[in-house]
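Several structures are given next for inspection.
What follows is a pair of complexes built around subunit A, which joins subunit B in one and subunit C in the other.
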Partner chain A sequence: MSRRGSAVLAADPAAGSAPRSAPGDTGRRRDADRRQLPAFVWVLPPVLVLAAVFLYPLALVVQQSFSPDSGGTSLQPYTDVFASGAFREALGTTVWLAVGATVGCLVLGFVLALVIAFVPFPGGKAVAKFIDVFLSFPSFLITLALLFVYGTVGMANGVWTDVTGAHSGPFQFLTTPWGVLLAEITYFTPFVMRPLLAAFSQLDTAQLEVASSLGARPARIVRRVILPEALPALAAGGSLVLVMCLNEFGIVLFTGAKGVTTLPMLVYSKAILESDYPAACVVAVVNIAISVGLYGLYRVVSRRVGA
Partner chain B sequence: MSGAASPGAPRSGIRFDGVTVAYHGNVVLDSLDLTVEPGEVMALLGPSGSGKTTALRAVAGFVQPVRGRVFIGDRDVTRLPPHQRGIGMVVQQYALFPHMRVEDNVAFGLKAQKVPKGQIPGRVTEALAMTGMDSYAKRYPRELSGGQQQRVAIARALAIRPGVLLLDEPLSALDAQLRSGMLSELARLHRELPDVSILYVTHDQVEALTLADRIAVMDQSRLRDCGTPQDLYRRPRTEFTASFVGNANLLPVRVGSGSVLFGGTELAVATDEAVWGATATLCVRPHLVGLGPGPNALRGKVAEVQWRGSTHRLYVDVAGHRVKADVRELRATPALGDEVTLHFAREDAVLLAAGVGGE
Partner chain C sequence: MLVHSRGGRWATWTVFFALFLPVFALPLLVIVAASFATNWSGAFPSGFTTGHYGAATTGDSLQALTTSLVTALTASVLALTVGAWAALAAAALKKGGRRFMDALFVLPVAVPSVVVGLAVLVAFSKPPVLLNGTRWIVILAHTVLVMAFAYQSVSAAILRLDPMYEQAAASLGARPLLVLWRVKLPLLLPSLTAAAGLCFALSMGELSATMMLYPPDWTPLPVQIFAITDRGSLFTGAAVAVVLMATTLLVLLGVSRIRTKASFR
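Entry: the complex of A and B
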């Protein structure tokens, strides 16, 4: 219920103008009184549902992060986790993978969106529609597909060994951080393309034609006309991808990259494999803090650029 | 602007040499042969879908002819990309770059053409001064009115000192008052830039008549007529031109010696001996038709009366044809169904060969 909607209900003029002692009007007045309930009453049900299914479990995670196994409440779990090399490595891996994947998605997404939007080719519309479908795919599916192609016993290595007779193929990167990076870029690029395609569809093509008539080559038109107008869409898509990459779990798990431990993977291993719940909750809280912080930054930046 | 738009550059005209443009086999511009002389303003006038904008886009390089060639000056530009053609272009919706200030919009073409950095501020100021927008240099397009945005668009096109300026319905998005003002501005600009050839696409005959040295009338993808505004208006060669430029009365007549027969009424008009006895179309402009008795009188019933401020437009049914007459504002307007007499002078009528729509 929006604030405006609840205000309308609370200040129903029909209720206010009801005769004070009109006989037989008791039921109607009761209805009017019900409509005059304070606004917060309308807000309570959704807040309670939200609190029960989301905020309470989250609060438990935060509480657990301050509850060491030795008992009581302290910052000890944080001190322990922050001091561990595994956490620092996971944090570093998470950040560089997320930033790398975001940059890759922005570059690849921008180029692909440019081609789809401005270079007419047969099937262009179908490709644009496929982008929408792609967004609904689960992340592990993309990783699985990459495994079929580039995995240790995948198609690419199979062709290589068949042709050369070698014992193994050259494509062994999928279980390394580069494999995770490739999978994340493959999966998340459409998340950048979607807002970009929407922004490009709003761009007045006459601007591009006039720029061209004034002597600008295509590269200058992209740099000086299209890119500045696409910045809000790039910021929106990039922020979304960054947050999603920071929290990505399925892709890292499915590539089977042994040396790649990200924060979500660390939460998983601490909680499920080591049963170290306080440490898992500390890592989870850090992950949440980074995500919420980035979202806040995105809001500030997007407000400044007028997105 | 330093005297001319392109100091040192050769005066450039435009030549269409049998230009045909088609989309998926559908011809949208058919065998256009037309020459715009250096320094001339040529208006391409026609209804929607007549091919006029396609002709302009063929000059700009945004459409590729399937046949024929386009020349700018002596240069065959048919296969050149737009950025190599050296033209200025102004479109209906201004197409200013919204993220750039006015001065950056105007400087865009200069930077694209690698004009030395030291010259750019001066050239920008010059172009803006020409269109009266020099005090708005620091503003963004969104902070300007429609008329101001169009001035900036014109300044941006002129800043590169093009030999050819393409104007694609540049005043269509403006209200009537602004349009009238901008029309005068464009006429002034052309006087100040006599070397710039202008191809002006419009569907508004007033703009074409006011601004153009010559008008090319287009319809159904073809060039129907071409001539000076006075020629086309006073002596149209085709029924389409007579109708589209000035909305003339077109009456079917049988030609006699020094007169024509219209619905049993003999009308005195100049006739050519070669067409005596033939059927033809008599063209009379509505504002040259008077109300009341006079030479070449036509009796008919009033079908409609429109008040247009300083004039009244009467629609009168004469011998099964509706005749339009624009007369000075009447003190007593005739009622619908009233019998009235219209007349016109012999020299105000033009005889057209019947059914000649073009060619």
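Entry: the complex of A and C
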């Protein structure tokens, strides 16, 4: 998982690439027959593979979303799903959880990256490395850990009952949306920190020294010098996290909360638990539309800022 | 340096660790601690035992580990082959074509993995290709999901490649395939192994699409962890989770060693 952020960020093609075989050199090396094949021929095999294993299945999902169990082709599945309270609730929960987690990740990630970059301490490198490792673990481990920390018999409630002698602790939020929110903020904050740390490492520290020697206090330097520099990285990291939160499944599944249903969870329960494939496909199409749209926005933002 | 006073620096660091440790270090430590415990109803776990690791490395869990390893290895090799091929071929295209390939091959990242699982399930549960109920449907979904990351890391590496080497080789009369095999691929080897490690780690932890697809006789580790914790055996689940993390880390470590060896050539 680790380099999800950086891999995505790094993928933006910079202008200029290796000059290839020029069209005019045909006579020079007549024996190099392979060279005569146009470049797009070499692209075809992987594209065909992708089409067979990804695009064709996706098209079938869209097709199935228009095919109710009663047969024929109609918008019936859509009207049914849109009319159901479960879908509206899931849509609302998904959006507010994703937005909330993104805001939380941005704030927390900005503060942490700020300290690592500008108030350096021994071991800061190790912390940055730890974050890389953190990203290579699956998300549901966070929920599993939170069960031991804030669960009904976990650490926090255990301490509370020991200290106060009460029967049960006050921390009962894990199976509510707040538990999912906490887990998502924990897991996705590193995805904001990585682009931020990259952006901070390019910032000329002389600017900070000048501002500071002119009498600006740290809060003012952060607001007037660092924040404007960090905005592109924040935008790129934030939109990536927003998309990943919208699509998060493991955290919600492990929370095991009946009250928290997000769109991916609804796809799973409609398809696997209820075997209602047309409805699952409708939810899937809505989910694809939201996240592909946002992901496109993210690509545009991160390309524009060159992050 | 943003904060100049000594006291201010210490205060900043205190705030940093007050945020960092509970949020990032605690979860991993807690899982490791819980995997050695029989009970956790106070500040610290109690009842030290290594028994959970016995359960985590035998029977179903051992089978889940090998399942995960085989799945991740197969999916990484397949995804890397297709992804690297696509990235190399896309680099030869003009700008518009490259943009198109970039958009096409990152699409699996943007589509929710649950939906990828659903799509694969819908498509391969009926003729012409019937894979539902076999291990191949899981491996196929993993391949689709990690292919995008393989493509992205390889194409980013190609952009950083110095074109002088291949031009020199070509000017000496090497055919394109020879240039690819003897010049470009060796130069790309560090990025290829890094991409392989990334794909492997992602596939090891994949849960969303797998939950939609796995047949009863092909249960990868994340699904096994979910099944165990869902039964209420949280501590055994923690031990299996530690096995998952340790395996992933070991493989990443091995891959990074290959990388440093290759870069010293």
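Following the convention adopted for this analysis, the second predicted complex is superposed on the first by the 260 of 307 C-alpha atoms of A that agree within 3 Å, B and C clash if a C-alpha of one lies under 4 Å from a C-alpha of the other, contacts with A are read in each partner's own complex, and residues count from 1 in each chain.
Note that a contact is a pair of C-beta atoms (placed from the backbone, for glycine too) under 8 Å apart; a residue touches a chain by one contact, two chains touch by 3 or more.
Just so you know, these numbers come straight off a predicted model, no measurement behind them.
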Query - Partner chain(s) touched by A:S212 [first = subunit B, second = subunit C, both, neither] - result: both
**Report entry** Partner chain(s) touched by A:A128 [first = subunit B, second = subunit C, both, neither]
**Finding:** neither
Report task. Could you tell me if A:N247 is touching subunit B, subunit C, both of them or neither one (first, second, both, neither)? Result -> second
**Report entry** Broader residue contact with subunit A after superposition on the shared chain, subunit B or subunit C
**Finding:** C
Query raised in the report: Touching A:A198, do we find subunit B (first), subunit C (second), both, or neither?
Result: neither
Query - Overlap of subunit C and subunit B interfaces on subunit A (superposed complexes) - result: 209, 212
Report task. Sort out for me which residues of subunit A touch subunit C in the complex. Result -> 1-4, 7-8, 10-11, 13-14, 17-21, 29, 32, 34-35, 39-40, 42-43, 45-47, 49-50, 53-54, 56-58, 60-61, 64, 108, 111-112, 114-116, 118-121, 127, 130-131, 133-134, 136-142, 144-149, 151, 153-155, 158-159, 161-162, 185-186, 189-190, 205, 208-209, 212, 218, 221-222, 226, 243, 246-247, 249-250, 253-254, 256, 263-264, 267-268, 271-272, 277, 280-281, 284, 287-288, 291-292, 295-296, 299
**Report entry** Interfacial residue positions of subunit C with respect to subunit A in the complex
**Finding:** 1-4, 8-9, 12-13, 15-16, 19-20, 23-28, 30-31, 33-34, 40-45, 82-83, 85-86, 88-93, 95, 97-99, 101-116, 118-124, 140, 143-144, 147, 149, 151-153, 155-156, 159, 161, 163, 166-167, 170, 173, 175-177, 194, 198, 201-202, 204-208, 211-212, 222, 225-226, 229-230, 234, 237-238, 241, 244-245, 248-249, 252
Report summary line: Within their complex, subunit A touches subunit B through residues 204, 206-207, 209-217, 220, 224-225, 228-229
Query raised in the report: Mind pulling up the subunit B residues that touch subunit A in the complex?
Result: 60-62, 81-91, 93, 95-99, 108-109, 112-113, 153, 156-157, 160, 166
